[in-house]
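Two complexes come next, and they have one chain in common, chain A, joined by chain B in the first and chain C in the second.
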Partner chain A sequence: MTEKPKIALYWCSSCGGCEESVIDLAEDLLTVAAAVDIVFWPVALDFKYKDVVAMNDGEITATLINGAIRTGEQEHMAKIMRKKSKLLIAHGSCAHLGGVVGLANFYQREDLLSRLYQEVPTTNNPQGILPQHETIESGRKIKLPDIHDTVKALDQVVEVDYYIPGCPPTPELIKEAMMMVLENRLPPRGTVLAGKKALCDTCPRIDSKPDKLRIKKFKRIYETEWDPEKCFLDEGIICLGPATRGGCNARCINANMPCRGCFGPTDNVRDQGAKSSSFLASIIDVTDKEALKKTADSIPDPGGLFYRYGLASSILKGKLTPKSS
Partner chain B sequence: MIGFEPKIIGFLCNWCSYEGADAAGRARKAYPAGLRVVRVMCSGRVDSQFILEAFKEGADGVMILGCHPGDCHYKEGNLQMLKRYVILKRVLSQFGIEEDRLKLDWISAGEGDKFVKIVCEMTERMRQLGPLPR
Partner chain C sequence: MSKRITIDPITRLGGHGKIDIFLDDKSDVERVYFQVPELRGFEKFCEGRAAEEMPTLTQKICGVCPTAHHTASSKALDDLFGVEPPPAARKLRELMYNAFMFENHLLHFYFLGGPDFIVGPMAPRAKRNIFGVIDKVGVEMGKKVIDIRKRIRGVNALVSGSALYPVCGLPGGVSKAITEEDRAEIQNVTKDAVEFAKLTLNIFDDVVLNHKGSAKWLTSDVFCHRTYYMGLVDDHDRVNFYDGDIRVVDPNGKEFVKFEAKDYLKHLEERVEPWSYQKILYLKNIGWKGFIDGQDSGVYRVAPLARLNASEGMATPLAQAEYEMMFHALGGKPVHNTLAYHWARLIEVLYAAERMDELARDGEITSPKIRNLPNQTPKEGVGVCEAPRGTLFHHYESDEKAIVEKLNLLVATQNNAAAICMSIEKAARTAIKGGSISDGRLNVVEMAFRAYDPCLACATHCLPGKMPTMVHVYDRKKNR
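== the complex of A and B ==
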């Protein structure tokens, strides 16, 4: 019997949705599982770290890692998985671009820790204890993974061969990526395994998009009732479809929600947030400076909106702070 | 800050502002040497990515100078930049980049004096703000 290709799955700083997306393969999961040996998948199967460490370098055919890199343990595991795998695939927005957890880069680590462990009204921590890397408990030294200053995408820590985008990726994309690996028909290294064009281009509502969009005020979705057939932008609702890679089957649009950009930028764009902010600016139908400022101010958190999934891998990567700490 | 000379990237449009800078040069006007000029065909050509890249690569301030509204060689490229600028400024503040570090202004081909004045003011403001941390 010839040996089956070995597959591993690992998670770093993520919500677990990407793991769920693997389960969403449904019956297809059985097809994939029959064709491969899953050698490591902490969330679903009982393997230990030492099982992976004991493997030969490059023994695993492909490893899918989801989640951003935020702790020392995650970085350590990413490096081990890189060493043991022929192919390392970033699975989902967090591994691909830093994802939602990457928004932490708009703040400093100390501010986040004190907010979470000391200031939040529901926190009960009278001694104000913050998580420590090392602590002595009943005479024993206990260690926790250290939390990094900045959240990083997977390819900022180790070399990544392919990317499956999405928050979470669609089962179709995961299956297709798996089949590409198994049938050995992979595109050039570094490819994002999804659409090449912007979501707008494949949007089911593209016909209702006027040639020239003209918006005087941006509306938030709770402020308005909108036509479920019409282009969101034409209704004044911010949709990031023009600046986001397609290939998601327009899941959000079909659920009558605007695009939030989880597939990241297209191949020609370096910084999705910059592009989102400038396409949005171009459809504003106001040029009087005061009125323009009012329109811009009607976007409550532009940084969080435009960089929702890609702050960690954007040009500036996060808030600029002196590097003294 | 002692000995700090701010670096400023200036994107100047080919038709008005670059000519305006040229006018300042022909008239032998002096202005701070920290300005690095990039000539672009239109202020509307200045992609937001260029601005972020400039800040990342060491600029303490970024200036975009275009034709006065109504004078744009491409009709409304400068107004497109104006809209982009207003939104980008809000994004920049979330990155910890002070509002004054990005400036958009209009310089016509004849306004050499105004060009010098704006560069001097911008440099002075950057001196006050100090180097951009990165």
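== the complex of A and C ==
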């Protein structure tokens, strides 16, 4: 009997949603599980770190890692999984681009800690205790992994072979990636395994998107009602469809909400946030300086909006100072 | 004999966790530390973001219970903008919420915590998982589990945009109405969901209650703690997941306090330990007395068993009957046996199914009127709901342009943090004697936390991501 391909799933700084999407493969999960040996998957199986460490280099056919890299322990595990695996696949927005957790790069690490442990109104912490890398209590030494200064995408710490985008990726995309591995029909290394076109091209509302958009003021969704059939941009509501890779089946649009860009940029775009802002700038329909400023000001928190999923891997990469006004 | 054993990561739970067990001279357990080695910082990096983005942003705290964060957040926005959703929107939210609770609890029973019972705690570890469960309950039943889960996820996708991450929440309502055809389709699913919940309770009867070994675990003192209990209740003090007041009962089951979400700061407080990124909640008016149980300790518990203990019943008939049966079988209210969380969880599955079914039959739910627009300047808002793993609070302050300036989040698992540490320590003391350690025994230690279905992704919304659980056993000389 030939040995089945070995597959591992691991998580770093993430929310667990990517794993849920694997479970959402439903009956396909059983099909995949029958075709492979799942050798490591902490959320569902009882194998431990030492089992992985004991494996030979390259013994695992493919490892899917979700989550960004924030701690020393995560970086260490990413390197181990890289060594043990022939293919390393970044699974979901956080591994792919840094994801929502990458928004932490807007702030200093110390700000995160002091807000959480010293400032929030429920905390009773008169001594200002912060979690420590190493604690000694009654002679017992207890360690915590260190928290890096910034959040990184997976390919900022190890080489990555493929990317499955999305927050979370759809189960169909995960299954297709698995099948590509099993059936040995992988595209060139580095490929993002989803649509090639922008979300707009697959959007059910594309027919109502005017060729020439002209916007004087962007509307906030909390103060606006909109036509559930029409293109959001035509209604004056920011939608990141033009700057986002397709492949999600237009999930948010179908729930009558605008796109927030979780599938990341298309192949020919390096920086999704820069692309989003230049696109929006191109549709602003005012000329005098004063009015232009007003229109720009009608976009709330542009940094957080355009870089919601991609700050860590953007050209801004590391730190941005938070908007002062 | 000096040794330190590492169980790393702890498995079959949402997120990363780690347990350090120190042994004394006799190689018995001296002290145990349950750690969450991860932090992400949502409280900070959501500052400066637009308020209306909070429901879709904060839910990325947790991919296991995103709908809970989405809902608490949408309710915090209702409060922030001073706007009530119209009846249809409220019902759609509650329908989505119960669908989520149903699916999430079942995930725990069949994939995460249940294998310890269904397959057995001492079963080979390669079997203690969903695949082992399917072997045990049969492929047909396994397919049913997968099928109902998928269809319920379909209901969520239909109502909220995506099976996993809802996007429909807006201040004063939801983004999408449903049609009469949708309602008929949903009803088909909810009808089957009620049947499936009953079936699951039967399986629990077979593999746990009517099985001597397992039933013994359920009432064992190893997994018992006398604590306070907290949960949301409706006007009749019955369990409600979506809305109500927060009720706390003492270890004898007597009401200790009942309060509205907006008053949470008067009743709850958090403690920081230098050895974990997770903060520990306790009852402010009793205070922190350490990791101890009893009437004088501020330690309280949340989530399924706590909700049932803190209430006077269930609002649907079949779940009410099961509620009575459980308390009768386990010697009356409150039940302090931690493993009874598994039973309580399945009673909640039945309640969620019945409640979904009621809502799906309610003609008003298809009304096109699903939003009220705010006309008040935003300032401050608190939202609460019962996440699968306990009471969840979102609290925002914003400027007049609705840009969030400050936020505080009390997540479900944090409420149980002290109790989880205590449960693990107690289980470890019993399971590990004279340094004797086996995979099965260490799994018994893990069962102590699995009963709570902890979500450490949630617990560490504070820092970067996940929680590998590792159990370290140290000897007296602190050698591994």
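The rule is simple: the second predicted complex is superposed on the first by the 319 of 325 C-alpha atoms of A that agree within 3 Å, B and C clash if a C-alpha of one lies under 4 Å from a C-alpha of the other, contacts with A are read in each partner's own complex, and residues count from 1 in each chain.
Please note the rule applied: a residue touches a chain if its C-beta (ideal position, glycine included) is under 8 Å from a C-beta of that chain, and two chains touch if they have at least 3 such contacts.
Computed from a predicted model, the values in this text were never measured in an experiment.
By the touch criterion defined above, A:Thr287 lies against chain B but remains apart from chain C after alignment on the C-alpha atoms of chain A. Look at A:Phe106: by the touch rule set out above, it reaches both chain B and chain C.
In the superposed model, A:Lys4 lies in contact with neither chain B nor chain C. Of the two partner chains placed by the overlay, neither chain B nor chain C lies in contact with A:Lys83. In the superposed model, A:Phe306 makes contact with chain B only, not with chain C.
Look at A:Ala296: by the touch rule set out above, it reaches chain B but stays clear of chain C.
When the two complexes are overlaid on their common chain A, residue A:Ser277 makes contact with chain B while staying clear of chain C. Of the two partner chains, chain C is the only one touched by A:Lys141; chain B is not. More residues of chain A are touched by C (comparison of chain B with chain C).
When the two complexes are laid over each other on chain A, chain A has residues 106, 301, 304, 322-323 in contact with both chain B and chain C.
Residues 11-21, 23-24, 26-27, 29-30, 33, 42-50, 67-68, 70-71, 73-74, 94, 99-101, 103-104, 106-107, 111-113, 115-117, 120-125, 129-132, 135, 137-142, 144-145, 147-148, 151, 167-168, 220-225, 228, 251-252, 254-257, 260, 300-301, 304-305, 308, 322-323 of chain A are the ones that touch chain C when the two sit in their complex. Residues 6-16, 20, 22, 31, 33, 35, 37-41, 43-53, 56-57, 60-64, 66, 77, 81, 107, 111-112, 125-126, 128-131, 134, 142-143, 146-147, 149-150, 153, 157, 160-168, 170-171, 175-176, 264-265, 268-277, 279, 281, 284, 288, 371, 373-374, 395, 401-403, 408, 410, 443, 455, 457, 462-466, 468, 470, 474, 478 of chain C are the ones that touch chain A when the two sit in their complex. By the touch criterion stated above, chain B contacts chain A in their complex at residues 47-49, 51-53, 55-56, 69, 79-80, 82-84, 86-91, 94-97, 132-134. Residues 106, 269-271, 273-275, 277-278, 280-282, 284, 286-287, 289, 292-293, 296-297, 299, 301-304, 306, 314-316, 318-323 of chain A are the ones touching chain B in the complex.
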